[in-house]
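The structures considered in this document are given below.
Here come two complexes built around chain A, the first alongside chain B, the second alongside chain C.
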Partner chain A sequence: MYYIQLALNGLSQGLVVGLAALGITLVFGIARFANASAGDGLTFGAYLALVGQRITDSLLLGVGFSIIVSALANVLSYKLVFKKLAGRSSVALLVGSIGLGFLVRGALGVVFGHQQEVFNVQLVAPYRIGELAISILDLQMASVAALALAATFGTLYFTSIGRQMRAVADNLELARVCGIHPERVMIALWSLVGAVTAVAGLILGIKTVVSPEAGWEMLLPAFAAAILGGIGSPVGAVLAGLLLGVAQEVSTPFVGFSYKIALSFVVILFVLLVRPSGLLGRIEGVR
Partner chain B sequence: MSAYLVTIFIIVLIYLLLSLGLTIQYGLTGLVNFGLVGFFAIGAYASALLAMNGIPMVVSFLLASVLAGLAAWPIGLVALRLRDDYFAIVTLGFSETIRLVIVNESWLTNGVRGITDVPALFQGAASSAPLVTVGVLLIVNAAIIVVLQRIVKSPFGRALEAVRDDEIALTALGKSPSRFKIEVLVLGSALAGLAGAFYGHYVTYIVPDQFVPLTTFYIWMAVIIGGVGRVSGAIFGTVLLIGLLEGSRFLRDLIPAIPDTEMASVRIGAVGLLLILFMIYRPQGLLGDFTKR
Partner chain C sequence: MQMNRRSFVTAVGAGITLSATSKWALAQGTGPIRIGALNPVTGAGSPYGSGMQKMILAAADAVNAAGGVAGRQIQIFAEDDQTNPQAGVLAAKKLIEVNKVQAILGTWASGVTLAVLPLCKAANIPILHTSGAPDLSDLKVTGGWGYRFHTPNGRTGRCYAEMCKKEGFKRVATMAFNNASGLGLTEVFAKAWKEMGNEIVEKVVYEPNQTSYRSELMKVLAAKPDAIVTGSYYADSTILMREWFQTGQKTRWVIPGHATTPEFIKAVGSVAEGVLTADLVVAKESPSYAPFDEAYRKQMGQSGDSNIYAAMTWDMLIALALAIEAAGSVNTTEVNKSIRVVANPPGATVHVFADGKKKLKEGKIDYYGCSSVLNFDDNGDITPDFGVYKIESGALARQYTLRI
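Showing the complex of A and B:
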């Protein structure tokens, strides 16, 4: 029973990892580089929601504010940084994204200081099923995440721009020949990534605390989930994120609380060596 | 004031060892090592622990360097089959894992409290110890630079540049890129380990918090700003880096309104901004090869 409870707690952690990994895998698949600023993007989203909640006095409006501003900020970072590095080596883009992450973290540290902030949410007694306790907050977070996922997959698979994004991911040259405008696809990609990252950051902030370093610590688990799910596979990233979240919690009694990140490292190494295409990636997936 | 300048000089020379290590790995061979600080940490802890258990410091320095190099070997074996960006993620994960091990295995490393009584360098020299340290560091750096320059001009060095520029061509000539990569990874990491040993014994106090990824990216910034693949670039970049880090300290003295933690954020932001600007506008660095991009 104890392990089932741990697994349940792990699921809500896994939502954060999975959503962050979804952002990473979309960028990896379509813009073709490892986006190391994703972690600090979470932090940014969490602070935005915090500010939004304080201004509007409503968490829901705060979340909306966070999603919109984060999407705009991601498009801006594409225009100012990643677009200028397009066509260069993936290392140039990776180092650029590390720089962007540091810039965001530094700016957040200056603006908000280093004291930890918490979201103002009501505490409600959890549902009890037998010995299992399911927190209402977790359920609410899960439904927010489900909405975000539905919106993302709806965009990817049922809209014209989503089809174009998948075409670019598949074969950039072919997509261009077919009259797909890469710039438009990139703007759609970064707004989508910004929105998903904001939701992940919100859940992270609500489940734990908001501090300038909070998101960076999620970067390795998110990368691990993206790789485990198969780079470029949105469904895989979310599933792997949930799996990793559960694995982290269930392994805690055995390896201790602070070795969680090490688990991500082991997963990355193992997957890259044994099955570089990940769980759901394409067979020809590069490594 | 002169004591302060000597301190700065020592720090520059220690960081220069790290920058030279990254210059071999990234500048020369194109290896994207985001885990430099992990090897730095291994060197610092290994030498400190060995020296505290009665091993002469010369031996503990050498062992620390060898250990850091050895730690790089398995990472090289598994990770070098991977693409650049995956390699970067794996090494970043490695350095974070090393830090977690240091935090958790308190029986060995005293955990987050760290080791506060690392034997100081050249205690026998009493008041002139800092000057002796400068001398030794200068000799070590000079020796490494000489060796590096020779490597660059040797057939081995040309092969390394070929690994960076065109792996397929190198393979077609019957050479194995991954062998060169592992050798360079071990070599550069051994340098980082040596830097760690100097660092630990110089500041005489080491805690896991000194070995966060930010340090890795300080060195990346130094190498990229100075000039990728150039020894002169590594030196120039390192001096510039320390100037920036120390300069921000003076800035805080001038503007007392900015508290310590805010200044740390300003530093992080500045590192980020400089990385972005240089990556976009001058990826070859200030002293780098102008013909390449």
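Showing the complex of A and C:
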């Protein structure tokens, strides 16, 4: 029972990582670079939700505000930074994203200060099913995450723009020949990434505390999940995030709390040795 | 060609040496006295860091307004150590090698101070800090260049053990943030607690920057402790307390004073009721408090007693300035010797720089700070009093004072 409880704890942690990894993997698959500003995107989303909650006095409206503004801000970052760098090497884009990350982190520090902020949520005792304790806050966060995932995958697989995005991810030249407008796809991509990142960030913020460095600290685990899931594979990223969370927590009785972080990297090492493409990735990837 | 290049290199080399020497001569000669402020503006120390740094700058302004020291003005070079040893070392190297500072003031985390101290020792400059690690009392480590304006963890640990005894706790567990300060604090507490004939029912060390500490809490709570003593900072304490409340299990908490900030209490809300804490207290009754409080209100918009560490950094600069004034030179070895001379008895009691400067002309002085009486022993440590607090109706309520 103890292990099931640990696995549940792991799932709730893995959600945040999985969502962040989803944002990274979408950018990698379609815009073709490793987006190092994703971590600060999380922080930005969390602060937006805080501001939204304070203005409207409702967490739900705050969440909506965060998703919309974060999507717009991401489109803006595409227009101002990544579009200018399009066609350069992916290293240029990577460095651009690192710079953007610094800018966002610095600006948040100036505007909100380095003090921590917390979401005003009601803390209540958990549901008990036998010996299992299920946090109500976790359930709420899980449903928000599920909604976000449903919306993302719905967009990707059941809409025209989603098909276009996947076509660009598959083969940019071919997509262009078929009359797909890359600019439109990019705008759709960055809004989607902004929304997903905002959800990941605000869940992180609600579960923990919000500070300008909070999201940056999540970048490494999120990248790990994106790689484990098979870089460019949206479903893989989410699965990998959950898997890493569960693996970390279930390992704690054996390796303790300090080394559980290292364990997730052992998992990655193992997976990459056995299956270099990641869980759901394709070996050929981007040609 | 060969000769040309050689002579070119020589000329450039000579030029560099010359300009370096002239800069050095300037630093030693008549320019301003250069002091480094290395504070945790970001990272776990961020609730205090900005205030600490601003108070070094404000104290320097006060000193300069009083005519400076040894006939010279003080110039502060401010850096952020990010509460992170690597960043701290980089910043300290820059302060020492580029800015040629003659002292470093206000490192906060033990890990940072321990990392920066060897650089100061090698450069023969004093480091005045607010860290707790026991090693910082060791002359082999400090070489006599370290001054602790806080109290060593050993004393804090004994203080927590006394508090737990007074509350009648029997089964106590510990939770430690995995760094020198967090581990050190819970270890010295465990030692003192066991010496009193008690046991530690469970101990957990946790990592920073996790999205949840529920599994860690599960392990500790499974031992059914009366109380959990933490070696923690305020962000992780906030997460721990909020998650603990959601488990529905009753226990009490003893959390370090540097973590139970007003922000912590606000963030945790009613869950924080009954949390015990102990910290050094700002000497509000001392005449040195008023000028510090005024400066702190002006810069930070809060009362001075909300940041004991800022009071410490204020005292650092005043004490150092008085030491330079007393030494009459900027030779760091002389200054290092005279820190104890101006801070410890015997001498006329002084509370502000201008007064101290005046009284130094007549004889010895003894500076009383706004953070503590400031008498350094041979190891560079002071013996301040602890205030023990309980969080009641959203504020720290003073219970009693412990002298250990």
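Points worth noting:
We adopt the following convention: the second predicted complex is superposed on the first by the 261 of 287 C-alpha atoms of A that agree within 3 Å, B and C clash if a C-alpha of one lies under 4 Å from a C-alpha of the other, contacts with A are read in each partner's own complex, and residues count from 1 in each chain.
Rule of thumb we're sticking to: a contact is a pair of C-beta atoms (placed from the backbone, for glycine too) under 8 Å apart; a residue touches a chain by one contact, two chains touch by 3 or more.
Computed from a prediction, not measured in an experiment: that's the story for all the values here.
Within the superposed three-chain model, A:K207 lies in touch with chain C and out of touch with chain B [touch as defined at top]. Contacts of A:M218 after superposition: chain C is touched, whereas chain B is not reached.
Once the two complexes are overlaid on the shared chain, A:T56 sits clear of chain B and of chain C alike. When the two complexes are overlaid on their common chain A, residue A:N171 makes contact with neither chain B nor chain C.
Once the two complexes are overlaid on the shared chain, A:S143 sits clear of chain B and of chain C alike. In the superposition on chain A, A:V16 makes contact with chain C only, not with chain B. In the superposed model, A:L6 lies in contact with chain C only, and not with chain B.
With both structures placed on the common chain, the touch criterion links A:A262 to chain B but leaves chain C unconnected. Of the two partner chains placed by superposition, A:T159 touches none, neither chain B nor chain C. Annotation: chain A residues 109, 113-114, 212, 256, 258, 261 touch chain B in one complex and chain C in the other.
Residue ranges of chain A in contact with chain C, taken from their complex: 2, 5-6, 9-10, 12-13, 16-17, 109, 113-118, 123-126, 133, 135-137, 204, 207-209, 211-213, 217-218, 249, 252, 256-258, 260-261. Those residues of chain A whose C-beta lies close enough to touch chain B in the complex are 33-34, 81, 84-85, 88-92, 94-96, 98-110, 113-114, 212, 220, 223, 227, 256, 258-259, 261-262, 264-265, 268-269, 272-273, 276, 286-287. Only residues 30, 32, 34, 78-79, 81-86, 88-90, 92-94, 96-97, 100-101, 103-104, 214, 217, 220, 224, 261-262, 264-276, 279-280, 283, 293 of chain B touch chain A when the two sit together in their complex.
On the side of chain C, the complex with chain A involves touching residues 41-43, 46-47, 49-50, 178, 204-212, 214-216, 218-219, 234-235, 238-239, 242, 245-248, 263, 267, 269, 271.
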